[in-house]
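Have a look at these structures, which come just after this line.
Paired with chain B in one complex and with chain C in the other, chain A is shared by the two complexes that follow.
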Partner chain A sequence: MNFSQQAINGLVIGSGYACVALGWTILLGAARLVNFAHGQMYMLAAFICWFILTRAGVSYPVAAVASIVAMALLGVVMQLTMNRLVMTQNLTSLMIVTLGFGYILQGSAGLLFGGAPHTMTTGLAQKQIRIGEVWFTQQDILILVVTLVLYAVIWLLLKRTRQGSIIRSVAEDPKLAQLFGIDSRAVYVGVFVLEAVLVAISAVLVAPRTPILTSMGFEEVITTFVVVVLGGIGNVAGALIVGMALGVFTAFFGALVSPAYTTAAIFAVMLAFLIVRPGGLNTR
Partner chain B sequence: MTAVLSARSLGIRYGGSIAVHDAVIDVGAGRMVAVAGANGAGKSTLVNALAGWSRGSPTVSGEVLLNGQNISGLAAHERSRRGLQHVPEGKNVFGELTVDENLNLVRKGDDAAGRYLFSREEVINLFPRLHERRTHKGSALSGGERQMLAMGRALLAGPRVLLLDEPSVGLAPRLIGEVLAVVRLLVDRGLPVLVVDQNVRAVLEVADELYLLERGRIVGHGSASSMRHDDRIMKAYLGGLTE
Partner chain C sequence: MTKLDVERVVSKIDRPAEYRRPLALLAVLCGCIAIYLLPAWLGGSTAMYGLFVMIAILAVMALGVDLVLSYLGEVSLGHTIFWAIGGYAAAILSTTWNVNGWVTATAAIALSLMAAALLGLATLRAREFVFSLVTYAAAVVIAEITFNTDALGGSDGIVGIPALRLPLGFAVFTGRSSADLWPVAFALLLLSLLFVARFRRSRLGTEALMVQMNTPLATSSGLDAHRVRFLVFVVSAPITALAGWLYAYQRAYVGPDMFDMYFLTMMLTSIILVGKRILLASTIGVTLLLIQQNYLSIGGDGNKIVLGGVLVLMLVLWPQGLARLLGDIFTMIVRAVSGRWSRVRTSEAASGKRLRNGE
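Our next item is the complex of A and B:
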């Protein structure tokens, strides 16, 4: 086994995990919302990007931005339909409703794009970089850099800006926030759009690494769930650390044991970790 | 003189049970108006409905007027932005935000007419504890400090009228007088205040007028000095003692 190569692979896989999980971290942690359509939104964003890329003949950045905008609009529609459940913080119903949304997205995507696997070619994924015995692609670097930048931006947004305080106040008590003159419904729409945009960014970055299928999404929502729970709900820095660690674990487990059992191993780690620390990386 | 805040035959109904019947209340400029009544008389229900901030989803009838404009159809955040500032009983600050973050959430409305504007410095002068505790989270504050923070953010918003629900509940006796004295100071600057408080004796010391609420009905209204000698108030709240 090439140790440094696996470490690099792990960091790239991990930044992908962290990137896919970021939207959910904010959604669950900062706004106390759940979205089990997260994985299917990832799938849909990837397919929209792929479709525009192959049919419209535009460049990768243009297709990526178009996909992100389309997902933002979808986010608005989804949030508006769920508004009453959200305002009453009815998490159980939201779980079921978003799960339903996920199946609707999956079915629609199946009808539109078919069931065959496709590859999103970005150009960057073909450009390989070799340093000694280690190699990676330009797409890998892009994923790593964008993930780190997004995490930094989101952390600053939540902790250092008035908008961040507003999001956190609505998360704590949407009704009380109204007395501060805050339109809690509008804030929820904004946060959900942020979730949709972030999942779309992660999709257009990470999906080119693997073939895309309209049936995918389950794996993404599960790893996201693990990252968010282990990171400590609402802990942005924790999600980044856990995402990276999980990627490195996946790379080494795949190389040393077997890639087939990676998902099961991830859950074993999560269970063990949560028994010791029920709050994940959260200190409180 | 027209009132800054008025309720016109305000009715609040939860399903079949009527919580408040046809309430008529006026709060004029420079007036401190108290609403007294036993537990369950509907005091909080009434004041929350004025702010558009009812618990559950009651049927609210009648009108709420702010400077003569009907605001009955507005959501709570819109009423807040228009200068109807409500400080509710119980949880009224964000525990996970620091004192500074709580205060920074507030934005003054653009329409300055009729607003009582308070700068950050003035609010700190009224409640110096807020400055000392500015980096502490809301959950780390004492009951009195939370009350000060909640009132502080209401003042920073540039209120036209202030609603206070049980400002003295859970406060040490020394603090009750302090908080009510600050309220009186604001009223003397012109800010109209509607206060609901179980501590009728303390409120009567500082208020101008008092409405007596019994089982959802307003059964009495008068100046504080006249209501102090009202039989029902004496019997129910002042233990029959007179000065």
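Our next item is the complex of A and C:
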């Protein structure tokens, strides 16, 4: 086994995990919302990007932006549908509603794009960079850089801006926030659109690494869960650390033991962690 | 409509104790016999028996989830594990050692109890979405392990499950086709319903409701909330496992598709459609959904949109389910007929609105 190559692979995989998990982290931490359709939204964003790339013949960035805009619109529709449940903080019903949305998205994607696997080819994924014995693609660098930038921006948004404190106040108590003249509904819509946009960004970046399938949402979401739960619910910095660590773990587990059982191994790590530290990396 | 009226309407469905009266018991008995004979009256074709057996199987499957959802208020997304355990226990034991149905059913119950105990311990302190996340993750992981393990049939699953054989002492029941299996499926559904009806009057059922409605009060009354939650979760598992057990015999095949989102969505939608804490909710819900999928099908992907759409729309528009909605409408009609409608209209509208808001 090439140690440095696996370490690089791990960081790339990990930045992908962290990138996919970012939208969920914000949704959960800043708005106390859960979204079981996250995996299917990831799938749909990847398919929209793939569809535009192959059918319209436009360049990768144009297709990516179109996919992100489409997902933002979908985010608005989803949030408006569940607005009453969100305002009453009916978490159990919300969870089931998003599960239902996920199933609708999966069915719609099946109707629109069929059941066959596809690969999304971007120019960057073919450009390899070799340093000594280690190699990676330009797409890998793009994922890593965008993930770090996104995390920095989101962290600053939540902690250092007025909009961030509005979001956090709504998360604490939507009714009380309304008394102070904050439109909680609009904030929830905004946060959900942010989640949709972030999941779309992660999809157009990460999906080119693997074949895409309309049924992939079910499994895709698992590492996101682990990252969010272990990072400490809504802890942005925690999610980044856990995402990266899980990526490295995945790379080495795949190389040393078996790539087929990596999800199971990640899950075992999560269970062990939950028993020792139910709150994840949260220090509060 | 006052709160009391609502409770009177709901209690008719909600309280099996009412059935103790001999007349009601007779009516229930006649109803059971009628339903048992229904597939024969409806033509008795293979497809008709197949539909009825499937309704019974999926209704029993959903009953396990119903127990957790209605009595703990938690959403278990891991019940597909128990469903698959039932199916795989039947498949592996009957193909490898050719044992009879009692043995495979016992194994299904024992294995699902063990799995539920493990999962229950791991999620003991987890509430709400963490509980759902961990159970969901467990299901995905076990699906992956099943998919990759050759001893469990891998991605191909296990084919050639023999006919269900149940020695009854005086005779041996053997069933292969849906028509043969209908008595077993019907009996399983009845037994599961009786079990849940018994559960809701049991000490554990009452304790579970107390814990769900007011955990601090339950704890201060000397209840161990963790213990109650753990026990309810464990008790719910074998119900779903037995459904999976019969499903394996009916299809003569099991595979990793038992972990499909379809079953998970079906369990939740059937309960949400009719309403929580209603004994027959899963049976009625599954019946309605399967009739759509069999007779009003718009293709596999289209049916997914319908199933997910029903789930979303019910929770957004009538979170109390169809039973409550029909109860409301029924009471309104009764009022209208008895001529009191005009006098109570204003308060009716107000209380109806409050009800729909879940107050």
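Convention: the second predicted complex is superposed on the first by the 284 of 284 C-alpha atoms of A that agree within 3 Å, B and C clash if a C-alpha of one lies under 4 Å from a C-alpha of the other, contacts with A are read in each partner's own complex, and residues count from 1 in each chain.
Assume a residue touches a chain if its C-beta (ideal position, glycine included) is under 8 Å from a C-beta of that chain, and two chains touch if they have at least 3 such contacts.
All of these numbers come straight from a predicted model, not from anything done at the bench.
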Overlay on chain A: chain C relative to chain B, clash or fit: fit
Superposed model, angle subtended at chain A by chain C and chain B (C-alpha, nearest 10 degrees): 80
Partner chain in contact with A:124 - chain B first, chain C second, else both or neither: neither
Partner chain(s) touched by A:84 [first = chain B, second = chain C, both, neither]: second
Partner chain in contact with A:93 - chain B first, chain C second, else both or neither: second
Partner chain(s) touched by A:197 [first = chain B, second = chain C, both, neither]: neither
Chain B versus chain C as contact partner of A:180, first or second or both or neither: first
More chain A residues in contact [chain B versus chain C]: C
Which of chain B and chain C A:275 touches, first, second, both or neither: second
First, second, both or neither for A:65, with chain B first and chain C second: neither
First, second, both or neither for A:169, with chain B first and chain C second: first
Overlay on shared chain A, then closest C-alpha pair between chain B and chain C (Å): 5
Residues of chain A touching chain B in the complex: 162, 165-166, 168-169, 172-173, 175-184
In the complex with chain C, residue positions of chain A that touch it: 28, 34, 36, 81-82, 84-85, 88, 90-93, 95-97, 99-108, 110-111, 218-219, 222, 225-226, 228-229, 233, 260-261, 263-264, 267, 270-271, 274-275, 278
Footprint of chain A on chain C - complex, ascending: 73-75, 77, 122, 125-126, 128-130, 132-134, 136-138, 140-141, 144-145, 148, 261, 264-265, 268-269, 272, 299-305, 307-312, 315-316, 319, 357-358
Complex contacts: residues of chain B adjacent to chain A: 51, 53, 75-77, 80-81, 85-88, 91-92, 94-97, 101, 104-107, 153, 157
